[in-house]
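Take a look at this one; I'll ask things after.
Chain IDs A, B and C follow the sequence of writing; residue 1 opens each chain.
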Amino acid sequence: MKPRLDWIGAGLFAALLAVAPLFLNAYQVDVLNSIGLYALLALGLNLILGEAGLFNMGHAAFYAMGAYTAAILNTRYQIPILWTLPLSGLVAGAFALAVARPVVHLRGDYLLIVTIGVGEIVRIALVNDVFGITGGANGIFGINRPRVFGYIIRRPEDFFYLIWGCVALTIFLFLRLKRSRFGRALNYLREDATAAEGSGINTDYYKLAVFGLGAAWAGMAGTLFAAKMTIISPESFSFWESVVLFMIVILGGAGSIPGVLLAAFLVVGLPELFREFAGARMLVFGLVMMVMMVVRPQGLWPARGHQGFSLAALARAVGP
Amino acid sequence: MKQKLLALAAAVSLIAGVTVQAADTVKIGLMAPLTGSWASEGQGMKKIVELLAEQQNAKGGVLGKQIEVITEDDGGDPRTASLAAQRLTTKGVAAVVGTYGSSVTEASQAIYDEAKIPQIANGSTAIRLTEKGFKHFFRTAPRDDEQGRMAAQTIGKLGFKKVAILHDSTSYAKGLADESNALLKKKGTEVVFFDALTPGERDYTTILTKLKGANPDVVLFTGYFPEAGLLLRQKKDMNWKVPFIGGDATNNADLVKIAGKEAAEGYYFLSPPQPQDLDTADAKAFLDGYQKKYNELPPSIWAVLAGDGFKVMVAGIAGAKSTDSGKIADYLHKDFKGYSGLSGAISFDAKGDREGEVYRVYKVDGEGKFVLQKL
Amino acid sequence: MSQFFPFPATLNLANLVEEFFQQLTNGLAVGGIYALIALGYTMVYGVLKLINFAHGDLFTYGAYLGLTLLTSLALTDRLGFALGVLVLALMVMGLVAVLGAILERAAYRPLRQSPRLSAVVSALGASIFLQNTLMLIYGARFQVYPENILPATTLNIFGLYLPLMRVLIVLASVLMMVALYLFIQKTKIGTAIRAAAIDQDAARLMGIDVNRVIMLVFLVGPALGGVAGLMVGLYYGQINFTMGWVYGMKAFTAAILGGIGNIPGAMVGGLLLGVIEALGAAYISIAWKDAIAFCVLILILIVRPTGLLGERVADKV
């Protein structure tokens, strides 16, 4: 596809989405909201997993950090929920930096289990009401609705514009990032870390930076989630959430922003579409995931000029 | 191209959940965990509510119309539940029954309230759910503080002095454990152990060994039946004879199957009365019908409470002579007294909580039967 | 608050020592099962560099198939306990092995030349599919093995309570692991597996049928996972369709702890994880048990980046 066609397609898609709430009922709009939240989270994870090639299956931990930061600030100190956005991002990002610092050099699968471990540790800490501020398994409730210029965001349609506005902004920023020096360094890092190191790229710095950035995005998505649900509890940040995000990025095509968006629609939307199957809906979902991956191994919409994690690169990475 | 368009249209109509139905039915929503960890409860809820709807329809339905049950899966998690709730609000249901977990119910409360649909939860015992002043919210499940009071009282009556409390970190079990702990301490009973196991595992000998070291007279386990069954079974393997008391989440026919009859014998638990122990015609008809249709006993008291929720809503619609939410809620708050449900008498206070003393004490006998105790 | 000091008021050294050894044996029994499942992860990883997230569900299938065969064929009634269970175990191993091979054929082989995380997602999809298939076939309620199949003998050694079955579980696990180890190290087929694990292309050039090796790995690993499922069903009695997630995750952790791709590593990792959990629960806090285990894992990986027995290769040196 020519670049110009790309832009026309993106514009059409955005226009279609922008008017969608006019034609859809509350439930359908709320499904789109859910998709938007996951898209936001997956775009952040895509930086870590897709652009830099760091296996992270504990993204829910950073999401939780942000959501809890926002909820605690809002319910204890009455700070308007949207004002907590930067701080939630900061807390989640700082936490990610602290955790990643000693482990970021680990080989792929070892990093994978460490991030799973971090996710579980965070969840267990939340369940056990760590420092007496997380409310244990009950979670935190009574979070205020967000307010923009005096208008209270309450209905699904209101949240739709808030969430998808954030998604649009994120796409804009991440596209710029991708084309920047930083983005090129990340891709170099993913394709061949040794060569990258050799050509003067400080790999540890870039790995940590991207980890922090992706986590900060998850933290901010957490704020939106807290604002939307008005109640958060540890079960919303289970290992399963991390798995879902991981699937979105890989299914879409690692490193591909349109791919991640498409996959968010499928991974979050399909179980809703399959509601007609009642008890069998997750079975059908699992089967569809498998088939899609087998049919399009590079992802549904692979990034252009992008080798992905080819087996050859892999053999170089892990081989003796 | 035409085919693609057709496929697209089909997909859109699927997600829109196009429902072309006759307008002369009364729709009642059921929100239940049909998939996920609590699928067994959710599927039990569905079976019971569908059976009761059949029975009610055979009697002429309500307001002269047939009842149609619309079930949505909440997956046992808050986010899916909020979507399930949104979906039910778009389907024109007059009332909603469900759901099981407290935080799952909580995620849906505001949605139903804003849509002005009466909701009646069946398994959600967290105190705060009825403290928020939602006019349309009811529950057939008793509250944690009620059960905590009953647990402390029962332990006192049975004469135990040193109590170990074990929960499983779920909001229900933790709430009950905290309530009981506070009340027991106030009464001067010594609590020698307080900790949580991880639900979903198989081997709890480590915890039992540690519990044994604390040397309690009785263990109060506030979690669910799968873990309770395993604890009893592994306790017997250890030759440890300490009695166990459990909460209503252990009132499940599978408890004895998991523990084995020998290990389950002597186990106490608290629960609203089971339909088997009520001699009302309704309860009998329900039990007979259930066994005939599904060839098993109702899986748990929570599923039965969903059945009660359905019956209450039908009675509410009939009593209010309308499907208007305000009228139903008013009727249930004020004029709905002395109703005999599948789990005993049901009426509601101003908050939507169940009135009166609901809990009974049960003990498992040598045959694995749950026997109502008189203390 | 959790109790950080679990000791009884009367400090009795003999009691403390006894409790410690009791907890140690508790941990070993749990760890034996982890190790058996971990072998499946590690073998597949060794050859394909794939984390087979559906492996935990194959374990669950072992438990369910075992239950069905046990109740429908009444093997233990006809053949007696020991022989009956042995025949049952072989049947379960066979069936789950076939299932593993089908899984490989359907979900992984088409992806062998693809980005390897694609196979991970395919594995996750397979896991969801397998789990929900079981739910639809057997229902969501817990399934329970019939009572009194197993002899309920409890050994009492130096005051430690050791149910005979726990001892048998650990013995059976260790026996199978040793057999596998010898198979890999001493036989010709084992050598082929090792060769394929080191370099598939070179192995192919040496005349090894790599596809058959991979198929074999997907027969042996699931067979061991399946028999672990049967053991859990027989001993703990209660099974349900989601149990593979919990055990699978633990076993994967164990495999990483020992050094993934390394067979003795999986054994050591499994047993060690069981013991860490038991001692963490006993002496620190039950509620934080899993968090403690993960903390230990992370610390070990910081010191030894490729696990306890893993090859010491850093990231692309």
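Following the convention adopted for this analysis, a residue touches a chain if its C-beta (ideal position, glycine included) is under 8 Å from a C-beta of that chain, and two chains touch if they have at least 3 such contacts.
Computed from a prediction, not measured in an experiment: that's the story for all the values here.
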Those chains which touch subunit C and also touch subunit B: A
Taking each chain's C-alpha mean as its centre, the one farthest from subunit C: B
Interface with more contacting C-beta pairs, comparing A-C to A-B: A-C
Subunit A and subunit B: spacing of chain centres that average the CA atoms, whole Å: 34
Subunit A and subunit C: spacing of chain centres that average the CA atoms, whole Å: 31
In subunit B, residues with contacts to at least two other chains: 35, 39, 43, 169, 196
Residues of subunit A whose C-beta touches two or more other chains: 127-128, 279, 282
Touching two or more other chains - residues of subunit C: 2, 132, 135, 140, 287, 290
Contact footprint of subunit B on subunit A as seen in their complex: 25-28, 30-31, 34, 127-128, 136-139, 141, 154, 156, 229-231, 233, 235-236, 238, 269, 271-273, 275-276, 278-279, 281-282
Subunit B-touching residues of subunit C, taken from the complex the two chains share: 1-3, 6-8, 15, 19, 22-23, 26-27, 29-30, 132, 135, 139-142, 144, 147-148, 152, 154, 161, 163, 232, 236-238, 240, 242-243, 246-247, 277-278, 281-282, 285-287, 289-290
Contact set on subunit B toward subunit A in their complex: 11, 14-17, 34-35, 39, 43, 71-73, 77-80, 82-83, 86-87, 89-90, 102-103, 106-107, 110, 114-115, 126, 128, 169-171, 174-175, 196
Complex contacts: residues of subunit B adjacent to subunit C: 35, 37, 39-40, 42-43, 169, 193-198, 200-203, 205-207, 209-210, 213-215, 226, 229-230, 233, 237-239, 254, 257-258, 260-261, 299
Interface residues, subunit A side, partner subunit C - complex: 49, 55, 102-103, 105-107, 109-110, 112-114, 116-118, 120-121, 124-125, 127-128, 192-194, 239, 243, 246-247, 250-251, 254, 279-280, 282-283, 285-291, 293-294, 297-299, 308-311, 314, 316-320
